[in-house]
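Dropping the structures in below, format is C-alpha cells.
Presented sequentially are two complexes of subunit A, the first with subunit B as partner and the second with subunit C.
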Partner chain A sequence: MLQVENLRKYFRDGWWGRRLVKAVDGVSFAIEAGSTFGLVGESGAGKSTVGRLVAGLLRPTDGRVLFEGRDIFKANGREAFYLRRKIQIIFQNPEGALNPRMRIGEILAEPLLVHRLVRGRHVRERVGELLAMVGLGPEFYSRYPWEMSGGQNQRVVIARALSLGPSLLVLDEPTSALDVSVQAQVFQLLKQIQNKMRLAYLLISHDLELVSRVAGEVAVLHQGRLVEQGPAASVFSHLCVVYGHK
Partner chain B sequence: MSLLVIRELSVDFPLPEGTVYALSGVSLELGEEERLALIGETGSGKSVLAGAILRLLPAQARVRGEIWYRGTNLLALSPEEMRRFRGSEIALVMQNPASALNPVLTGGYQVREAVLRRGRLAKRLAQGKVAELLARVGLPERAASSYPHQLSGGMQQRLLLSLGLALAPRLLIADEPTKGLDWSLRSQIVQLLQDITAGQRAFILITHDLAAARYLAERVAVLYAGQVVEYGLAEDLFSLPRHPYTRGLFASHPARGLKPIPGMAPVLTSLSRGCRFQPRCGQARPVCAREDPPFVEISEGYFVRCHRCFR
Partner chain C sequence: MSETVITPHVSFHRGELWSAITRDRAAFAGGILVILLVFVALFAPWLAPHDPVRQDLARALLPPGGEYPLGTDEMGRCLLSRVLFGARISLAVGFFVGGLAAILGMFIGLVAGYYGGLLDEVLMRLTDIFMGLPNIVFVLAVVGVLGPGLKHTVLALVVMGWVPFARLVRGSVLSLKEREFVQAARALGFSHWRIMVRHILPHALGPVVVLATLHIPHAILAVAGLSFLGLGVQPPTPEWGAMLNAARSSMRTYPLQMVAPGLMVFLTVLAFNLVGNGLRDALDPRRRSRFTF
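== the complex of A and B ==
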C-alpha cells in the first residue's frame, strides 16, 4: 500500500548553511495494508524526518513515496486533497497538537468541514461517533484540551486523524509523553481500530520493547540509513546482541 | 540505624477549586547507604514527596507528619537551619535538566557555584574540584566552558548529577533521571547512577522506569494516588507483586504484555471513602469501597495497602 523508495532529505545547517546534514539518506521500505511497521533508532537518527516525509509535511531531497502506486509529491489538485486524507500523522505531545482555544467538538468537526465529508446537523452526530470510537463520552464535546488528561487528549488526536477515513497513520512517538498504564490503553485502542478499519501504522519510537510488542515488521535507522530490516522477532534478537540489551 | 524515617506524612494544597490531597499517610524508612526506588505514575505524589523531604514545596502546602533525618525532624526546623541540610546532607537532582540548569551560565560556573556553596573550600581549590566532579560523571573537560544548550540531553543530565554530588551529600534524590532519554543513553545514565551511589550514599530514585528501579534499588515503594500501596525489598516486589495496582502497572509495561489497567487514576480533590484503587480493581470486594485499607506488614519489612492481601 505504501512504498518508500530511496528517500533522501538533506538540511542545510550552521553558519550560512555551510554544513549539509543528511537527515535521511536513501531509505526504502514498504508497508502492507492493515499492518504495523516499526521504525526504531536513537535520538537524531532521522526517524521523525521519515515520518514527516511519509505524511507529506516535508518534501524529500530525492526519492519517492508511493501511496497505492501514486507518488504523493507529484499529485496535485483533487488527488493531493485525497491523499492528505488518506495519510494522517499523530505526534508525541497531544497538548501541542490541539488548539487550546477550541473545544473538543470544534477540533473534531474542523477536518470534516474542510474536506466537506459531512454537512450541517450531521456534523455533531459524526463527532459523537468519533468520540465513542476512541472511548470518550459525549460530555467531552464541549470541553477544552486543558481540562483533560494527556491520555484523553491523545484519544482526541487519534479521533481527529480517524475522522478523515485514512488508510495509514504515522504514529511518531505517540505515547512517550504518557504514563505506561495509559500507553497500554492507547495501544489497546489503536489495535482495535486497526482490526476494525484495516489501518496500516508506521510506528516511530525509540522504545524497543514497545515496538517489538506491537509491530510485525521493523526497520532500524542509524544516521539516516536503514541498517537492519525484517520481522520484529528476528531484528530484535539480533539488536540485543548489538546494543548489549539491559 | 535509619538515616531517614518518614512517619505518616501528608501533604495537601488548598486551592480555590478544592483541596488537593497530594500525599496521605506516607511512612517509609531508609537505611544508611540504602537505595529506594519510588515508582508511580503522573500525579501519584512522587515529586511532592521529594519536595517535602527538602522542604521545597510551595508556601501554601500543608504538610503534616514527621520526617526524621539522623535524629532531626526536618519539618520542625527553621528555614535557616533547613538550608544547612540542602545540598550537603540531602541533594535533589531535579526533573528535566533543560529547565533545571541555568541557561545563561556555563556548566563549569554552575558546578563551581555549588562547590563553593558552603564556604569550606578555598576558591583556588575550586577549579580542581569542578574538574574532578565533571570527570566523575563522565563529562569531557569542554563541558566546563559550554552552556547547557550546547550539551546533549544525556550530557545535561550528567551535569545536573554533578551538581547533586558537589557537596558529597549523604542522601541523593534523583527525580526521573532517565526520562526522555533513548535506550542507549538511558543505560549509560543508569550505569552512572550505579557508580555514584552503590555503597557510597543513600539514594532515592523517583522513576517510571521499572528496569532502572530494579537494577539500582534494594527497596521499592509503589505510590498510587498519594499513598504508598506496596513497599518492600526490590527482589520480592518485582518477583511477586501483591497489590493489584502494582500487578496492573507491571502488566501494562511493553515488555510484560502491554495490558492496560481499565479506568483512570482518581482526581485528588474529591476522594471517596475506601480503597483509592477500588474503582479500577478487578478483585474489589464490597469492603473495598466501604473502608480504607490499612497499611499492613504482611511479612517482615513488606507492607501492602489492600484488603484482599490479608483477610
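== the complex of A and C ==
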C-alpha cells in the first residue's frame, strides 16, 4: 500500500549552510495494508524525519513516497487533498498537537468541515461518534485540551486523525510522553482501531521492547540509513547481539 | 518609537488578565482616564457649552468664569468647548492610526513569518528600510509633497507605523509555526490561510494589543506636534496641537490658552501609556509573578 523508495532529506546547517546534514539518506521500505511497520533507531537517527516525510509535512531532497502507487509529492489539486486524508500523523506530545484555544468539539469538527465529509447539522453527531470510538464520552465536547489528561488528549488526537478516514497512521513516539499505565491503554486502543478499520501503522519509536510486541515488520535506522530490516522476531534477535556487544 | 520588549505568545486566561490589571493601580487609573476621554469625545456636542468654532470677536480673550468656564480664545471661541471637541480628533486619530498600523503590520508579519524564504527576505528588508527612515522626516516629507492636512498626516503615520507590528508578529509566527498543533493542522490538509488565521494569529495577538495600545499615544502626539507646526489639522477645527500654536502669541498674558490643550495632550498620552504598560506587564509572566506573591 505504501512504498518508500530511496528517500533522502538533507538539511543545511551551520554558517551559511555550509554543513550538509543527511538526516535521511536513501531509505526504502514498504508497508502492507492493515499491518504495523516499526521504525526504530537512536535519537537523531532520522526516524521522525522519515515520519514527517511520509506524512507529507516535509519535502524530500530525493526519492519517492508512493501511496497506492501514486507519488504523494507529485500529486496536486484534488488528488493531493485526497492523499492528505489517507495518511495521518500522531505526534509525541498530545497536548501540544491540539490548539489550546479551541474546545475538543471544535477541534474534531474542523477537519470534517474542511474536507466536507459531513454536512453542517450532522457534525455534532459525528464528533460524538468519534469521541465514542476512542472511548471518550460526550462530556468532553466542550472541554479545552489543558483541562484534560495526556491520555485523554492523545485519544482526541487519534479521533481527529480517524475523522478523515485514513489508511495509514504515522505514529511518531505516540506514547512516550504518557504514563506507563496510560501507554498500555492507548496501545490497546490503537490495536482495536487497527483491527476494526484495517489501518496500517508506521510506528516510530526508540522503545525496542514496545516495537517488538506490536510490529510485524521492523526496520532499524542508523544515521539516516536503514541498517536492518525484516520480520520483528529475526531483527530483534540480531539486534540484541549487536547492542549487546556495544 | 521605542522598542518594547514583549514576550511572544504567552497564553493567559481571561480572569487572570483582569485581576492582573485591576491590581496594577497605575494601569487601572489609566484605564479610567481613557474611558473618560472616550466619553468626552463621544458626547462632546452635549458636554460643550458653546459651538467650538463660532467666532465672536467682541468676546475675545475673556477670563475664565461665568458663561465661559475656561474663558475664550483670541477669536472669542469658548476654550472649554474647543478642548472638549479636541478630544474627538485626537482619539479618532490615535485609534485609527494604531488600529490600521496594527492590522497592516500584523498581516505583513504573518505572511513573512509563515511563508519564509524569499518573501520573508523581501518583506523584512522592506521593514529595515522603513526602520531606517526617521519618522518625523518622513511624515514632513509626505506632508510637504501632498500638502498639509489631517488626511495626509494620518496616511504618513500609518505608512510608518506598521513596521514594529510586522517585526513583532513575524517573530511570534516563526516560533508558533513549529508548534505541533500547527504541524498537525498541516497534516490535516487545512489551507495556509486557515492555519495562519485560525491557528497561528490568535496566539500572536496578545503582544500586538499591547503594542497597539502603546502606539496610540505615539500617533496622538505626532498629530498634535504636526498641527502645532501648522502641518496637520487646519484652523478653525478644534485640535489640541493647533490650539497650542494659536495660543503662542498670547502665552504670557493668557497662559490658560496653552495650559488647557497642553494638559489634555499630556493626560491622554499618559493614560494610554499607563494602560499599555499595564497590559504588557499583565501579559509577561515574569513581571506578573511580582503581583502574585
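Definition applied: the second predicted complex is superposed on the first by the 244 of 246 C-alpha atoms of A that agree within 3 Å, B and C clash if a C-alpha of one lies under 4 Å from a C-alpha of the other, contacts with A are read in each partner's own complex, and residues count from 1 in each chain.
Simple rule for what comes next: a residue touches a chain if its C-beta (ideal position, glycine included) is under 8 Å from a C-beta of that chain, and two chains touch if they have at least 3 such contacts.
Given the structure is predicted, the values throughout are model-derived calculations rather than measurements.
Superposition of the two structures on subunit A shows subunit C fitting alongside subunit B with no clash. In the superposition on chain A, A:Ala33 makes contact with neither subunit B nor subunit C. One geometric descriptor of the composite model is the angle centred on subunit A: between the Cα centres of subunit B and subunit C it reads 80 degrees, in steps of 10. In the superposed model, A:Val227 lies in contact with neither subunit B nor subunit C. By the touch criterion stated above, A:Asp179 is placed in contact with subunit B alone, subunit C being left untouched.
Applying the stated contact rule after C-alpha superposition, one finds that A:Gly56 touches subunit C and leaves subunit B untouched. Touch criterion met: A:Glu209 reaches subunit B, while subunit C stays clear of it. By the touch criterion stated above, A:Ile89 is placed in contact with subunit C alone, subunit B being left untouched.
In the superposition on chain A, contact is made by A:His115 with subunit C only, not with subunit B.
Of the two partner chains placed around the shared chain by superposition, subunit B is the only one that A:Glu42 touches, whereas subunit C remains out of contact.
Here's the short version: in the overlay, subunit B gets within 11 Å of subunit C at its closest Cα pair. Contact residues on subunit C toward subunit A in their complex (touch as defined above): 11, 179-181, 183-191, 194, 198-199, 202-203.
On the side of subunit A, the complex with subunit C involves touching residues 52, 55-57, 81, 84-85, 88-89, 91, 93, 96-101, 110-111, 114-115, 157, 160, 164. Within the complex formed with subunit B, the residues of subunit A that make contact are 42-43, 149-151, 176, 179-185, 187-188, 206-210, 212-214, 243-244, 246. Contact residues of subunit B toward subunit A in the complex are 41-42, 153, 180-187, 190, 208, 211, 215, 248-249, 251-255, 257-261, 264.
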